[in-house]
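Below is one structure, written out as structure tokens, with a few remarks after it.
To keep things simple, chains are lettered A, B, C and D as they appear, and every chain counts its residues starting from 1.
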Amino acid sequence: MSALAEGVAAVAARVRASADELNRLDAVAGDGDLGVTMTIAASAVDALVPSLANEPLAAVLVTCGGALARRAPSTGGTLLASALLRAGRRAAELRALDGAAAAELLEAAAAAIAERGGAQPGSKTILDALVPAARAARAAAATSTDLATVLADAADAARHGAEATKMMRPRFGRAGWLADRSTGHEDAGARLAAIVLAAIRDAVATA
Amino acid sequence: MSALAEGVAAVAARVRASADELNRLDAVAGDGDLGVTMTIAASAVDALVPSLANEPLAAVLVTCGGALARRAPSTGGTLLASALLRAGRRAAELRALDGAAAAELLEAAAAAIAERGGAQPGSKTILDALVPAARAARAAAATSTDLATVLADAADAARHGAEATKMMRPRFGRAGWLADRSTGHEDAGARLAAIVLAAIRDAVATA
Amino acid sequence: MQKLINDPRAFAEEMLEGVLLAHGDALRVAADPRAVVRADAPVRGKVAIATGGGSGHLPLFLGYVGRGLADGAAVGNVFASPSADEMLAVTKAVDGGAGVLYLFGNYGGDTMNFGLAAELAAGEGIEVATLRAADDVASAPRGEEPRRRGIAGIFFLYKIAGACAERGDSLASVKATTERAAANLRSIGVALGSCTVPAAGRPTFELPRGKMEIGMGIHGEPGVRRGLLRRADAVADELVDALLADLPHAAGDRVDVLVNGLGATPPEELYVVYRRAHARLRDAGLTVRRAWVGEYATSLEMAGASISLLRVDDELAALLDAPAASPFFTRR
Amino acid sequence: MQKLINDPRAFAEEMLEGVLLAHGDALRVAADPRAVVRADAPVRGKVAIATGGGSGHLPLFLGYVGRGLADGAAVGNVFASPSADEMLAVTKAVDGGAGVLYLFGNYGGDTMNFGLAAELAAGEGIEVATLRAADDVASAPRGEEPRRRGIAGIFFLYKIAGACAERGDSLASVKATTERAAANLRSIGVALGSCTVPAAGRPTFELPRGKMEIGMGIHGEPGVRRGLLRRADAVADELVDALLADLPHAAGDRVDVLVNGLGATPPEELYVVYRRAHARLRDAGLTVRRAWVGEYATSLEMAGASISLLRVDDELAALLDAPAASPFFTRR
């Protein structure tokens, strides 16, 4: 198996292990199934791992994005699929897989989600982890070309971004509505993004 | 109000106060509503009390039986209605309301229930309180004409009879079936009969 | 109690008021407020089907009052028989001169009161025949069938009796055909959760999480086996096997299957159960002619399901497929 | 979990297998196993109605596939959108050459995937129009109507769109008429108890005994007010008043009313609620043209109910009364 394919499997495993936490967070303001959907997504991706052995990153991202779109078409799954598909297309245009490339791909992912879902950062969504991660990656890439270094900063930013969603009002809330009940809880999608980026960082570090 | 009408109201009050216990016992092998039904019956009887002021026992029993038949037509309620109607008809034939009369009325009541419901003593029903009560009343009446004395024995026998149902297998049970789960619990209808007879005894004693 | 109710004692009354406000075009009350009949009752010259029973089982009983079904129903309090007077009021309102079939579930209060009502009706010159549903194989062993309770399978009997009456059969013939169906009908249920009689205020029984009870009655009467809640396939197998052990049948026979929800169990689960029941019946050499899946006879918010099997011949099949329409059940 | 299921991950799959085994005369799968269409699809020359959404809401969505209703539905996992591919498979199977109306509830995943499917369908030369039910007034305030979720009121839209299509209206006209209905449609719900997504294995939310939540979404999304569970009359008043505050109306207007059960709440309670809603509407000067009471859109075993109001004109009334037939809903 290639390091890339191994990385994909590692990310999938990490997501699967977080299923309960994701369900719990999604239950606060949503329907409590993000972990269920992401477990299905992880299984779908797992099934593809053997076929990814000799594929370049662009193909891997597009393949995984397609699997999510077909097998995990919930709101979060569909947005993530868009992100992977857009990042995959962008990856095909990149020459090297260095720190700057990571920033490019994260920006592409965040842009795809913003376009598809029509949300802005600050409304307690996955964007609140992904946008800071992309920004941190871009900043890190300005001083380092090392992929691992850039990913470490991105993963940190994603984690902080996800934590910051605790105090945000959710996308469908308005003053006085019970949606406020989510105060103090991270957004499930933001947490997912943090988990995925940490898993990617670790996979790259150990590769 | 006549002593008789007051007695009726006192019995109704005692039944109403036992509603929870009757529901609980009925829930063991039945549907948990005997207290609900008997509360409705007690209210129906209460509403009639003023009109009973100058009525003889026969009319009182028939009136109450009719009220039960119309307002509390569950299995237990319908059987009790039959008992009251039959006892009322018998009462019209009696000259004195003494100990022997009490035995006559209890025998009529038990016979009506046995005919209507087709059960025999021993199958964990109201008959297991009523039949021993009638028997005890007949025995007591052989040595005393005093109504209170005879009713005291009848009430005691009803209570013991009801307690004895704890160890009986219910009417719809058969070996190995879950109906056995009622072992250790009194039959709700038998308990009701014991409550009613104790209330009648007390009403007569204080009249 | 997590219930949308007002005064628990007025529950049946208010439910009935709601039904009549909602469906005044199809239903009306007869002389007694608890006597609900087809708006167009009596239908002259047609045998009438009268039914009734306790509340808490909708669409049973009152929901099967309609064209091609029953003509009227007496409505009792929750889990309690209506009175003979109320049944008599239904009887008089639906009698179209061709006689009345009493069709109801085999429970003590109902049996006694319909018996009394039949005597009263005879006294008024109305011909009455009686048929009691006793389809629950868990409620008494073979050899003691007359003691069995009636559960969801009664739906098939309404459908058949109603269609017979609609096509003009005589009272004796409606009864005979419906009896033939009853003889070929078996049901059994499984409970996964309890229900609360509003005026009692507490669950009728406790069923610990992770447990189920096979054969529990529709009011919570004890069943034949309590045990670990198993997979839907295993439960379906156990229920179907119990039915097949009781219902005489031969390979090639056709059956109609009813998978009925008791209240809280979602339709999705009923279809998961049906999926396996279908396979199990096929493996036993039987052909499912038609499947009926949904809530046909409930027990308030009880969780669980029942399966009913009706062995059909061509005539019964045609009667089952005949049109019918009530506010609760329509077949075109 | 007190559920009749096998592997939780196979729940939607097995449910669907059961539905197809039970109703193979009325429904079939198209190219994709999650694409369920009328057995006689495509109907040449008729506008087709395509829908879909997550499982766990039966009879929504797949239960409204039938004559005079929708032509096909894409079936997702519990509370999860189906994929654009599955929607495309439905689209291709139902298109009879007169175009396809996508009619579904306003949720993120569904909107994105139907959007993608529409693009893919256009690429294959199929004309698609889209209409999203957004009837839940509790899900966003006035002025932000496009953000509102779709709940049980979508039933009325299926009924109307299906009847328009059946009588031969063009795609533009089916959409315009259904949009007119949508503009006059409002819903709101109340939850009394939670539900458990099988694969999640734990209740989506906790609602303490004695509490209720007004406006909770059909997946457990937070509502507008949590408080003591009040009497059914007070709850009905609160719901009806919220609808009337949102729906423009004048004295003398006619409305159709839907009192919908979320799953565990018995029909009896729905009628107690309807009883009061009827009175409240009458007091507000409105006339109830027709009442629809039952389970039209559920949330697994959630306890509670929703009320939907549709202000009708003569044309909408006729469309609502037109015949319709699916394995889950029949109107003759």
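What we mean here is this: a residue touches a chain if its C-beta (ideal position, glycine included) is under 8 Å from a C-beta of that chain, and two chains touch if they have at least 3 such contacts.
From a predicted model like this one, the values you see are computed outputs, not experimental measurements.
A.B. asks: In this assembly, which chains make contact with chain B and also with chain C?
C.D. replies: Chains touching both chain B and chain C: none.
A.B. asks: Report back the single chain whose CA centre is most distant from the CA centre of chain D.
C.D. replies: Result for max centroid distance from chain D is chain B.
A.B. asks: Provide the C-alpha centroid distance between chain B and chain D, rounded to the nearest whole angstrom.
C.D. replies: Spacing between the chain centres: roughly 54 Å.
A.B. asks: Averaging over Cα atoms per chain, report the distance between chain C and chain D in Å.
C.D. replies: 29
A.B. asks: Using mean CA coordinates as chain centres, what's the chain A-chain B distance in Å?
C.D. replies: 73
A.B. asks: Spell out, as numbers or ranges, the residues of chain A touching 2 or more other chains.
C.D. replies: Expected reply: no residues.
A.B. asks: Among the residues of chain D, which ones contact at least 2 other chains?
C.D. replies: Within chain D, no residue contacts more than one other chain.
A.B. asks: For the protein chains shown, what form does their contact graph take: line, ring, star, complete or other?
C.D. replies: Contact map by chain: line.
A.B. asks: Dump the list of chain pairs that touch, please.
C.D. replies: A-D, B-C, C-D
A.B. asks: List the residues on chain B that touch chain C in their complex, please.
C.D. replies: Against chain C, the touching part of chain B is residues 23, 27, 29-33, 35-37, 39-40, 69-79, 82, 116-117, 172-174, 177-179, 181-182.
A.B. asks: With touch defined as at the start, can you tell me which chain C residues reach chain B in the complex?
C.D. replies: 9, 76-86, 107-109, 112-113, 139-141, 147, 197, 199-200, 202, 204-205, 213, 215, 217, 219-226
A.B. asks: Which bits of chain C are touching chain D when the two form their complex?
C.D. replies: Contact set of chain C toward chain D: 2-6, 11-12, 14-19, 21-23, 55-56, 58-59, 63, 190, 192-193, 207, 209, 212, 229, 231-233, 235, 263-275, 278, 288, 291, 293-295, 298, 300-301, 303-305, 323, 325, 328, 330-332.
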